[in-house]
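Pasting the structures in now, so scroll down.
In what follows, chain A forms one complex with chain B and a second complex with chain C.
This part shows the complex of A and B:
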């Protein structure tokens, strides 16, 4: 039993927040607790954010950032829809090709960052707009819709009648990513680059190739999220992914992955996905507008980084908090090392 | 991101003296602007008409103001994505204010700058005191301020402004001199910014922080306060740009600024103008010429009937090109 409970203080705090938030919504928001099955089905609304967050975790662990996830997911969904509708391709083949296209777009990001030596934030900010222009141009005036019931199962289906397919996929992927980061050489190299990029370089790690693969993974996960969204709505829009970016970055950062890289794990990200998802859906059900929810998520993003910066690796005791708050130490480097 | 790789792979590059490139950037941009004007003018003669050239210069004013604020932030190794949201909020608030109340412009102007300064001050606090990376901090405030605009507008939109505003946006301040007031405002702001950056202690502090924040701190510069001031100025200038925008166009919606991706445009202008994304080097003349260049290019795309969806892709490509070429030229990125 001891090992079932998260051991990091940050993760424990997240569990407490999740429980408090969930029970709070169940008690105070009429219509939030809709039976056991209904409540599980709420996860379908926010798990696409979680898929993006998993891919983004890998990039943020290296100390980089990928701002193009939203447009990659929109573009991948549009590519899939066009392959199905205009070329009459088999649905699942089109899905695979679209995920491959997402990987290709992420790989292109990685190439721009490592070969042309452009900072990740500038490179992915630019490609974000380039990809979304391409997506809007491809989608045209009347975006395609209606991909058949079999494809709809991916977004809205349930195994054995009550476990949402999305939830199963998310759990499998989360375990997979956790294994990738903690149990493989590639994962350790990712964390090492984020922790100290120069040390990784001198230890013989091929920094550029590890980074390229990280952006490729992020692109693949973004494309998958776009396809799940397409399946959930049974329609495609080029700007469908625009809402993904802010919430997924918040999920990664709230999950305890340092925005400077090299610190954090997937367990925290999974908990943060649940917290933000419950918060988002709960607020929407309680009647707040999408704008207010987005503002709140922006505020959570800022405060979680601020709290993490104040407490980072210096314990939670009061003395260290006062020292951190009153200290006049020089800021180390303002931007993530670049 | 690549200090290690660069340092080891190109050891010989550093020994060379850096060639004089700063003056070249403005000349290159001016030549490029004239080439675009003449080239498109040859294809579409109406492009060269006086009214169109006046339109292009006027529409570059808003871009230029935001570009100057972005230049200051980028010099400190930061980035400010919230400029577009501040611009939109200011356009909305003061556009609505000009019709609902009869406040004269000279009262609105300081109010607007103060609002922008407060919003920018929050960015500066997040970056300098809470040590949040600028890109994340301003991404968060971008959504905060964008949400505020939606809540404040409450479905309304500005479709006319008071005559006072319209006179500011389109009239000439000095009689007998056919220069619109916004252009004069841009010239004044750019000159002031140039003076601050190159001839005042504060400006040199900004450059020092961008080059090496730790060294600047050890040299006795108050890094936090300087950063706070830089982000505050950025917010105030962005709010002023919003005021100019609403006075000039007479319209504003809840997606003004954020919908046009002004943050992307301002970064593109600053980088095209020769400001180094790695910080420590800024070129305000380049920023002003860059804003004219961008405005000319966008208008040229309109004249050549390129669909509007490709504009932001073009701006993205411009940023990538400017950053890549800049990195090639300077030996120490």
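This part shows the complex of A and C:
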């Protein structure tokens, strides 16, 4: 139990928020609490956001951002649907290819960012438009639907009749990502880059290669989320992923991962996934429109960044002072011009 | 323009930055019609003293007075009010604004009541006049970014005159200038001196100091160690005052002539216009010194050797293997490490733990086939680093940012040394660490060298080079200007080479 309970103050606060939010909806929103199994079933509604958030965490840990996750989800789902419907490919093979395509699109983001040296924000904003246009063009006027009951199990199935398949996959992936970040050499390099890109470079870390892989991972997770959505709805739409971006970024940032990189962990992100998921579903059941929820999530994103910034200026006293001083120091001069 | 400035005097100035005592009971007086030069090693407190006189820093103790009247210089504009102006080491012009706008920054004259308009005509006229008075021929409408560093310094000078300042402090103005530009600057300084201005000057270069100064004060470790007038100039005396503690020179009586094949061999390394034609060898067990002023190209050369910076030509051989085109990771793996000068930016990752920092140079080696890090070995390396370098910390999980500068430097040291390099290039290994930690670092360097590691020490501290090195190469203007070995490694010879005097 000692190890299960979060030790970071931020994570503890998230647990408290989650408990309060959940209890609040249970008490004040009739129809929200539908037994233990019903509560588990709610997770199916929001875990696709969580899959995107896991991949996005890796990118944000490097100090980057991926705004193209929504369009990658849509495009991957459309690609899968076309492979199944137009080319008659085996469903699971099509799923694998679509996830691979997501990885490829993420890899392309990484190439643009590291080789062409375009700011991640601009690079992925641009590819977001490019990918989503391609998705719309490929999908055509009447996108395919109906992929069979076996495929539907991914989004709506439940093990033993009550544990949603999505939840099982999410838990496995969250543990996997947590291990990736805290236990592997790749994760260590990722965090080093996020905290201090130059120092990582001087220590022999191939910064560009680590970053490219991060965007690739983000693309894969976005594609997977798109496929889960396709399974859940048993249909695809090119713009299906559009709602993913705001909520997933908020999940990552509320989860305690610093938008400047380096700081944070998957436990917090997982808690934030649950918080925002419960919030979305609770608001929906309570009868609020999607607009209200979106507004609220925007406000949460803003305030979690603001709180984090205010905290960190007090938190790492010495560190931030030294960093500030070091950035004020004039750069070494070049040799005299002759 | 003929009224003289008063006598600016600082008495008993103390200044601390955090735990670091920068100035201790420093007294200095700048007389009108004189160029008063401050000399001293990097970190001796010269710039800080000027910044206090210019109202940028506030002293913790002591008084500043002008003609006997105490001044309260709480900010730079208070200093302007008393006619004191500091021309900073890096001219602080706003690059995107015109020269005229820069000169009138903060005091743009306006015309008309409401809405008042900026009086461009007056600005341009006065700015142009001020520059012509200094003999600087630039169009004041031009953007400041088009000016050379030398021109920017003169614009700063004109700015001072426009503000009616008659006490002008130059913080190491000549280090980025060419010889001809230095000549122009000196001509202007002489003219200002002739007009009764008080001039403060900082320089490392002996020839310049003896050429322009009427009076020289030497600072060492935050205290004035000597002050001489024009007739008392003596190179040896000034060097002694700058370096001090002559006893420490004796520490290493035996300079070994290292035998054996060079382990690192650099030929024809070039990256125009920063450095060119750099050839040198280092042998196992040898400590080679790289001396040179900041800006001489020494850091750039080291970074190019270690694959951290582009080079346009030349070869680097490490233990018989060509590593000219290898990646940094491969170079570290092959046994060549560079311990960077700027610890906070390049050396240590402050928010990460001691363990993460100590193992950061060898993540690849700590990875199992699965990619998972071997935690046991990580802990062993971190504990070993803590123990071997006597790092004072709570434990290996403490963030590096909570440690003192000296202890951070030890972690950085340990991080590279635990990769078992054949050659280590140490860039200013004792910069920003206190005297005690300095001694420990010297001891470590000697220990590693005794174990057969080839070590290159880059330093602008004379003392450090004399104490540590078997052989010293002086870099001047991106080229190897002199090489000293054996009995030639003396304070006088290294000092001269360092300032470019031995360049042929």
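Quick note on the criterion: the second predicted complex is superposed on the first by the 312 of 338 C-alpha atoms of A that agree within 3 Å, B and C clash if a C-alpha of one lies under 4 Å from a C-alpha of the other, contacts with A are read in each partner's own complex, and residues count from 1 in each chain.
The rule is short, and it goes like this: a contact is a pair of C-beta atoms (placed from the backbone, for glycine too) under 8 Å apart; a residue touches a chain by one contact, two chains touch by 3 or more.
As the structure is a prediction and not an experimental result, all values here were calculated from the model.
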- Examine A:203 and indicate which partner it touches, taking first as chain B and second as chain C; both and neither are also allowed. second
Return first, second, both or neither, reflecting whether A:12 touches chain B, chain C, both chains, or no partner chain.
neither
*asked:* Going by the contact rule set out at the top, does A:192 touch chain B (first), chain C (second), both, or neither?
replied: second
Counting residues of chain A touched by each of chain B and chain C, the higher count belongs to B
Under the stated touch criterion, which partner chain does A:183 make contact with: chain B (first), chain C (second), both, or neither? second
Check whether A:37 is in contact with chain B, with chain C, with both or with neither, and answer first, second, both or neither.
neither
Chain A residues contacting chain B in one complex and chain C in the other 198, 201-202, 330, 332-338
Per the touch rule above, chain C residues touching chain A in the complex are 89-90, 148, 175-178, 273-275, 294-297, 299-300, 308, 327-329, 331-333, 338, 340, 342, 344-352, 356, 360-361, 363-364, 366-367, 370-373, 375, 399, 401-402, 415, 477-478
Contacts from chain A onto chain B in the complex sit at residues 63-65, 112-114, 116-123, 125-130, 132-134, 136-137, 197-198, 201-202, 207-208, 246, 249, 253, 259-260, 289, 291-292, 294-295, 297-299, 301-302, 305-306, 309-310, 330-338
In the complex, chain A touches chain C at residues 179, 183-186, 188-189, 191-192, 195-196, 198-206, 262-263, 316, 318-319, 322-323, 325-327, 329-330, 332-338
In their shared complex, chain A is touched by residues of chain B numbered 1-6, 8, 76-79, 126-128, 130-137, 139-144, 146-148, 150-151, 213-214, 217-218, 223-224, 227, 261, 264, 267, 271, 277-278, 307, 309-313, 315-317, 319-320, 323-324, 327, 333
